[in-house]
Structure formats: C-alpha cells, structure tokens
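The structure that follows is given in the form of structure tokens.
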Amino acid sequence: MELSVKEIAEKIQGSISGDAALKISGVSDLKGATGLQVSFILSEKHLNEALASKAPAIVSDSLSEIKDKTVIKVKSANAAYAGLLRIFYPEKEIKGAISPKAAVSPLARFSASAFIDDCVVVKEGAEIGEGAYIGAGSFIGENVKIYKGVRIYPNVTLYRDTVIGEDTIIHSGCVIGADGFRFIEDSGKIVKVLQIGNVVIGSLVEIGANCTIDRAAFGSTVIGNYVKMDNMVHIGHNVTVGDGTMIVAQTGVSGSVNIGKYCIIGGQVGIVDHVDIADGAKIGAQSGITKDVAPGAMMSGTPARPLMKLRRNEAYVGKLEDLFKRVKQIEAEIKKSSKEK
Amino acid sequence: MELSVKEIAEKIQGSISGDAALKISGVSDLKGATGLQVSFILSEKHLNEALASKAPAIVSDSLSEIKDKTVIKVKSANAAYAGLLRIFYPEKEIKGAISPKAAVSPLARFSASAFIDDCVVVKEGAEIGEGAYIGAGSFIGENVKIYKGVRIYPNVTLYRDTVIGEDTIIHSGCVIGADGFRFIEDSGKIVKVLQIGNVVIGSLVEIGANCTIDRAAFGSTVIGNYVKMDNMVHIGHNVTVGDGTMIVAQTGVSGSVNIGKYCIIGGQVGIVDHVDIADGAKIGAQSGITKDVAPGAMMSGTPARPLMKLRRNEAYVGKLEDLFKRVKQIEAEIKKSSKEK
Amino acid sequence: MELSVKEIAEKIQGSISGDAALKISGVSDLKGATGLQVSFILSEKHLNEALASKAPAIVSDSLSEIKDKTVIKVKSANAAYAGLLRIFYPEKEIKGAISPKAAVSPLARFSASAFIDDCVVVKEGAEIGEGAYIGAGSFIGENVKIYKGVRIYPNVTLYRDTVIGEDTIIHSGCVIGADGFRFIEDSGKIVKVLQIGNVVIGSLVEIGANCTIDRAAFGSTVIGNYVKMDNMVHIGHNVTVGDGTMIVAQTGVSGSVNIGKYCIIGGQVGIVDHVDIADGAKIGAQSGITKDVAPGAMMSGTPARPLMKLRRNEAYVGKLEDLFKRVKQIEAEIKKSSKEK
C-alpha cells in the first residue's frame, strides 16, 4: 500500500508542514525507518532520533516542524500511530470455511463466515459466531460460545461452557476453563472438589500466550470487557476482573479475588485468595498482595505497602549499616561518660 | 437429577431438621443458589448468608436448625459438599474408542475401554490403560505408560517414557518429560548434557494447566501419589515430590530437590537446586527457599525464614523511620550534654 | 551398544588404570549405576559415593585410581560425561517425510530430509530446512523459516515470520511470535497497537517447555546463538538476548530490554522494560531488575543490589530486634542520667 502524506494527514486528522505529495509505503520506528516510511515522535525528547532517522515524514503531537522532514502535526501521536498501523497493515480478511482436517461435531453450530482451521476440534453444543477465527489445533469444548469477530490463535484449549465475547483475542497456548484448585481432606484422603462453573470473558479482551483462567467452583470466573492480559498470567477460580484492567506477564491471581475496573497490575505479582482490589488500583511488579487494596491506591512490595512507604523503608534498610555504627558509637560514649563520673 | 432431602441425607449420613420430602435438583454456593438447590454452611460465620440464600436446604456441620430452612446436619460439611457434587454432576461415562482422526502407532497398545480423541498422536511402545481418556490434540510419546482411569485433557504433551499412575488427571497445556536444564562449558562452547531419564507420576495425582515437569538426567523425576499441583508449576529434573503434597500456582522447583510428604508449598515460590524439604513443611507464597527445611517447619520470605521471625523482621523494618529519629535525638542529647560539661 | 573401557578411553582421550577390556553398556550416575555402566566423579568429594557405586568403571578428572574400580582419567569429567552420553544414547536418525495426517500448504517449501509429524500445520511461505524435525501438533505460521537441523518438539506454536537458526531446539508448549503487549488509550478506549515485527532465534539455541517470546513492534525480537532458556521463560517484544546467555525457569523479561552475552539470569527474575544488562552479568534468582546492570556485575534482590550489599542488608535486618533493644536501653540510661543531674 502507498499513501501520500496528504492522504495520511486526512486519515489521522493532522496538519502538514512540508511535502504533502510525498509517497509513503509503511510505518516504522525512528531507528528502523527507510526512506519510504512515516515515523513518530512519541515525545519531544526523541527529536535527535527523529533528525537522525531516514523517515522522510514524521508524525508528532509536540512539534510542528522538524528540519529536513515533512511533519504531520496531530492531537495524539499515540492514537495516530495505532491508527496508521491498522491502515498500512490490515488484517487478512477471514473467509468462512471449515477445514476438512478439522474434527467438528454435527451438534455444534457455525456461522457461515467463521473460519475453522486444520486440526481444530469442536465438541457438541459449541457455537462459533460470525467472522470468528479458530486457529489450527485449538480445542473448543462442549457448549462453548464464541461470539462474533473472536480470534483464537492456534493451540488454545477452551474447556466446556466457556464464553468468549465479541472481538476478543486469545493467544496460543492459553487454557481457559480448567478446574479450579480445591481439595478437601476427608478421613485422611485428599479429595477433589468438582468445579461445576465456567469462565466468561467479555468483549474486546486480549489474553496473552500461555495464560490459564480456571473455571468457577459454582457460577462463573468473569473477565470484563477491554481487559488486557500479558503472557502466562494465571487467574484462579471465581475471580472477577473489572473492565479495562491490565495485567502484566506472569502474575498470579488466587481464587475468589475481585479486581476492579481500570486497574494496572504489574508483572509477577501474586494476590492471595478472597481479597478485593478496588477500581483504579496500581500494583507494582513482583508485589505480594495479602489484603484489600483501596480505590486508586498504588501498592508495591511483599507484603505490599503504599509505594511511598515502601520506598522509604527500602531507603532506611539501605542506611542500616550506618545506623548500627552510630548506635555503637553512642554506646561507647555513654560507657566512657559513666566511667568519668 | 432430582433427589429428596431424605435421599440426600442418606447419601451423606446426615440427620434432617425440616422437610425430608423436599425435592432438590442441584448443588450451589449460598449466594448463587436457586429454590431447587441444596447449599452449604462451611462455617458458622456464614449463617447470615445462609438466611439470605434462596436455597431451601442447607447442609451444615455446625448448626442443626436454621430459620425457614431444611437443615441436614453432617459430621463434615466439606466432605458432604465434595460428595454431593459427585452425585449430582457425575462425569460422563467414557466409551472405549480410537478416533479415526487420531494418529496411533500400530506398535502402541490400547485397552478396549480407553478413549482416544481426535488429533491425538500416540507413538510406538505406548500403553493406554482401561478407561483412560486422552483429550484431543495430546501427544503420547514412545513407551509412555498410562494406567487405568487416567484423564489427559486436550493439548497435553507427554515425552517418551513418561509413566502416569492410576486415576491421575493432567490438565491441558502440560508438558511432562521435556529435557532437564543442564549444560556444560567445554572449550568455550556451551554443550547440552543429554537427559536420559524419565518422569514417573503416581496415582490419584492432579496436575494443573500449563505445568512443566522435566525428565531426569538419569533415573526418574518422581511425583508421589495424591500430589496436587495448581497451574503453571515448574518441576526440574530429578526432583521428588512426596505423597499428598500440594503445590500452588506458578511455583518453581529446581533440579534434584526432594520435597517430603504432605507439604504445602504456596504460589510463586522458588526453590534452589539440591535442597531437602522435609515432610509436612509449609512454605509461604513467593518465598525463596535456599536451604533445607525441617519437618513441619513454616517458612516464608526471601531468603526464607521461620514465619514468626519473618513477621517480626517485617514489623521492625516498618518501624525504622521511628528508630532513625530516636537515634538522631539521642545523638543530639549527648552532644548537648557533653557541651554542658 | 557395548564398548570396552579401552574404546571409551580413546573416545574421551583418557588414560586407564585398571581393566581396559571391561565391557560397558551404558552411562549412569553413581547411585543408580548397574555393574555394566560407566559412571563419573564430577568432583573429588564424591569419592565415597564412587566407592559405594556398583559401576565397575569410573571417569574422573581428579583421581587416577579408586579402590576396586577401573578409572579413566580425563581432563574434564564434565565434557567426558556429555560426550559419552551422546555416544551411548545417539538421537534417532531423522528420515525425511511429511505425514499424511499433517496439513501443509502447497506454498510452503520442505527439504526432502525434513520430517513433519502428524497433525502439524504448515502455512504458505514457510520453509523447513534439511534434517529439521517438526513434532506432532505444532503450528508453523506463514513465512516462518526453519533452518537445518532444527528440532521442534510437539505442540509448539510459531507465529508468522518467525526465524529459527540451525540446530536450535524448541521444547513443547512454546509460543514464539505472539503479539507484544502494547495498548494505548484513545478517547477513553484501550486500543491495541499492532505488532508488525517478528522473532529471530539464532543457532544452537535451546528453549525450554512452555516459554513465550513475543514478536517485535517493529523489527525483530532477537535471541542470540547458544542461548539456553529453561521452562516458562517470558521474553517481551523488542528484547535482545546476547550469545551464550542462560536464563533459568519462570523469568520474565519486559519489552525492549537488552541482555548482553554470556549472562546468567536466575529463575523467577523480573526485568522492567528498557533496561540494559551488560555482558557477563549474573542476576540472582527472584531478583527484580529496575535499572541498567554493569558488565560482569552480580546483582540480587528486589530492587536488585550488588550481591554483597544485599547480603549485608539482610544480615542487618536480621539483627534489628537487637538494635531496637539497644536503643531503648540507651534512652533509659540517658533519662536516668539526666534525672541524676
């Protein structure tokens, strides 16, 4: 695809300073750009990189002119960046088909516009919506509901009764709906407690590669709309994650935790069972959350403390060597002074 | 399925206070119950929830009567709970069959009552026992032995020579028997050390989704009977895990660790190689274990300390700001008093 | 296979003390050896184990003679150990074939000596090199390049455009090339930023089971030659990992991190985005890296500090109870002495 700077500026509602007729054939970062690509200043401090870049056209929300470059000034360079990528690199259109190398139950239902790739297995009662894409080798269990526009990458496993909302993306290796972790002791034996609930995932969610989300004991483990999870996140049974929350890689959420809306949970965080994390909370990477977290709170560390408190504690620990010396010195002076008396 | 309270009480050896003829069609938690379900008080403090529940019948081991409810008093509500779930939600019977869309070696052996789903691949020398279930897309390597009643969920990978004991459950995405992590330096090159052992898993084990258990360098990595692992647990080569031990999600166990019987290892714990964790030890979530752990010890933190010691240390760290102030104050007084002299 | 001690000694350039005609049929550790196996002393402190071993022949780089044993003295027991394993347990030869139960695009290209197992799916534009092995159920996306001698174990997913260098090993459950984690807020909505780069993995790399390596936003996420990754490692988008670096299990590397050559990164480490870890750095298990790390530095803890500093801090924290008591004592003495005045 090739677009002129003028056409690009129209699409991202920008104003041009420079050569509006310049032809552009792709999008790049500043460093890797060729002479045919548009690039971006995402903040003013990247000006030197922009000057050094081979990109002839630069989109910016901070600068209107850059020496020897055509500049497209926009309100948000971030939004323009996401938008132009979608224009230059459109997803392939999905053509409805069921591979003859898939194994689909005659008791499953498929939209004519859904694509079912090779070696996919679909069990009875499952429903696959319009324009959904089911990647090769994925397993769609009994009574799974996949709404329209969903994209399931290859080698995903959806246990029975899982529900996936519209336009949600599930990356490869995810296991959604495995049994929650609950066992009881009965007369010295460890007995499994059946998990009869399911997992319900909202719309426009993205779940990274190799995540696991366990089915509820009763009812549903619920992932809200617009939730974004990085790779290898673990969600226990009966958890709820509110709309718009982001969870970074390798975080583990124990059973029956409630996470509010628009929270940001860092990577490798652990959250014990049955706590509430209120809307807008921010949890630092590698934290251990053992108690409820207040709305909008910023918590970090293990056990987690308010971020400022944690930083102060860390600073004090860093000065302990000095403190031990000072106390020793005081003791010496007191001893000396008591002898003098 | 529908059972009367009388029939339920007989099955869980309980005594009835209320309407023995009441018809019940399912099991639920207190909050989600409908007017046709039995629910549970797992401790007396849930009485108010029970009163508010729509469940007409309540199983309890603490209370004999609840206002407006039929109560089934039992010795252990937990055991009754696990038992009734199995009665109301029985697993589907497995019918022996090999899918024509599976790819099975003529040199593998299958019990006639085993079920091999679509896109399963079974290599030569493998043996699949009575009533075993192999989920779609799973890979069963050469000479793998799967005993009777085993349930392998879809998309599991069992490398060659793996042994899975009776009635064990392996959830989707698990990789059992991959090479242990061992490399040596030889004349400046990093050389792989072949791992010629295997993995042996006992009976009545449950392994959560996306776990990895590495084959031994020599001999076997051994997982005992009744071991329960949550999701994304990593077990290194030549580890042994004793009977009845539970390991919570995302914990990593390095090579040649010995974990005793009936231990409880929290989530996101890391254990360095070659340590012994004795029977009955309890390790707190996110701990880092760097040394042997005594029988029944409760350890937590990184590096792990006895739980009480850790809590005290944390409390002292929390009071450091105050301590620094006090020492400063003391220094000022000493200075002042020495001037006075 | 059976070899005489003489033949073994020749292969590993060792000198014999004892019975050169002794027939040996395998390799074992000291403890598990039978009377027909050769075993190893990897350090002198294992002498007692060697004496107790049933192995009639022992390879050592520290001892020339051991009572009642035939000893093969070598320069490096480690190297001899890796080498003899390869001799006694050679990998099966790979015979070129494409399984009729695979689903391969007519627009993909295959070396005649490559083996494509059952239920593998290969998309258009992919290239599979000489002697490559693609395990059952693996997915090879569009335009993936797999060089000669590569071994892909079952149930691996390679997203489009991934490049795997010669003789590299990828274990089961790995997901290579899933989208990096990048979203922007645009008018209150959370919008995905397309990831148009790829993943390039070097030669002689080994990637453990269930790892995830994300594609770059632009350009490539790069894993150097000889890199060895344990299980469940997560690599974010645009990361580079230098030649010969080892990363232990469950470590997470955030986006745009540069890791140098011959680093050793412990297990369960977390590294924040955009930091540089210089050549030869060593990072302790469970560390949290928040800043650049200098060449050859040994860092540990969260936030990471030089190892010696961390150990000292930990020691001081362990003595805090005592310090609080001492300060209290000082305060009491000062109070007493001021009253006396």
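Labels for the chains are A, B and C, by order of writing; each one numbers its residues from 1.
Here, a contact is a pair of C-beta atoms (placed from the backbone, for glycine too) under 8 Å apart; a residue touches a chain by one contact, two chains touch by 3 or more.
For clarity, every value in this text was computed on a predicted model and none was experimentally measured.
**Student:** To lay chain A over its twin chain C by CA atoms, how big a turn is needed, in degrees to the nearest 5?
**Tutor:** Here the rotation carrying chain A onto chain C measures out at 120 degrees.
**Student:** Check the residue numbers that chain B and chain C use where they touch, and answer same if over half are used by both copies, otherwise different.
**Tutor:** Different, since most residue numbers here occur in only one copy.
**Student:** Based only on mean CA positions, could you tell me how far chain B sits from chain C in angstrom?
**Tutor:** 26
**Student:** Give me the residues of chain B that touch two or more other chains.
**Tutor:** Touching at least two other chains: 119, 137, 155, 173, 210, 232, 250, 268, 317, 320, 323, 327, 330, 334, 337.
**Student:** Looking at the complex, which residues from chain C come into contact with chain A?
**Tutor:** 103, 119, 121, 137, 139, 141, 155, 157, 159, 173, 175, 178-179, 181, 183-187, 189-194, 196, 210, 212, 214, 217-219, 232, 234, 236, 250, 252, 254, 268, 270, 272, 288, 302-303, 312-313, 316-317, 319-320, 323, 326-327, 330, 333-334, 337
**Student:** Could you please specify the touching residues of chain A with respect to chain C in the complex?
**Tutor:** 27-29, 32, 76, 78-79, 81-82, 85-86, 89, 99, 101, 117-119, 135-137, 153-155, 169, 171-173, 204, 206, 208-210, 226, 228, 230-232, 244, 246, 248-250, 267-268, 285-286, 314, 317-318, 320-321, 323-324, 327, 330-331, 334, 337-338
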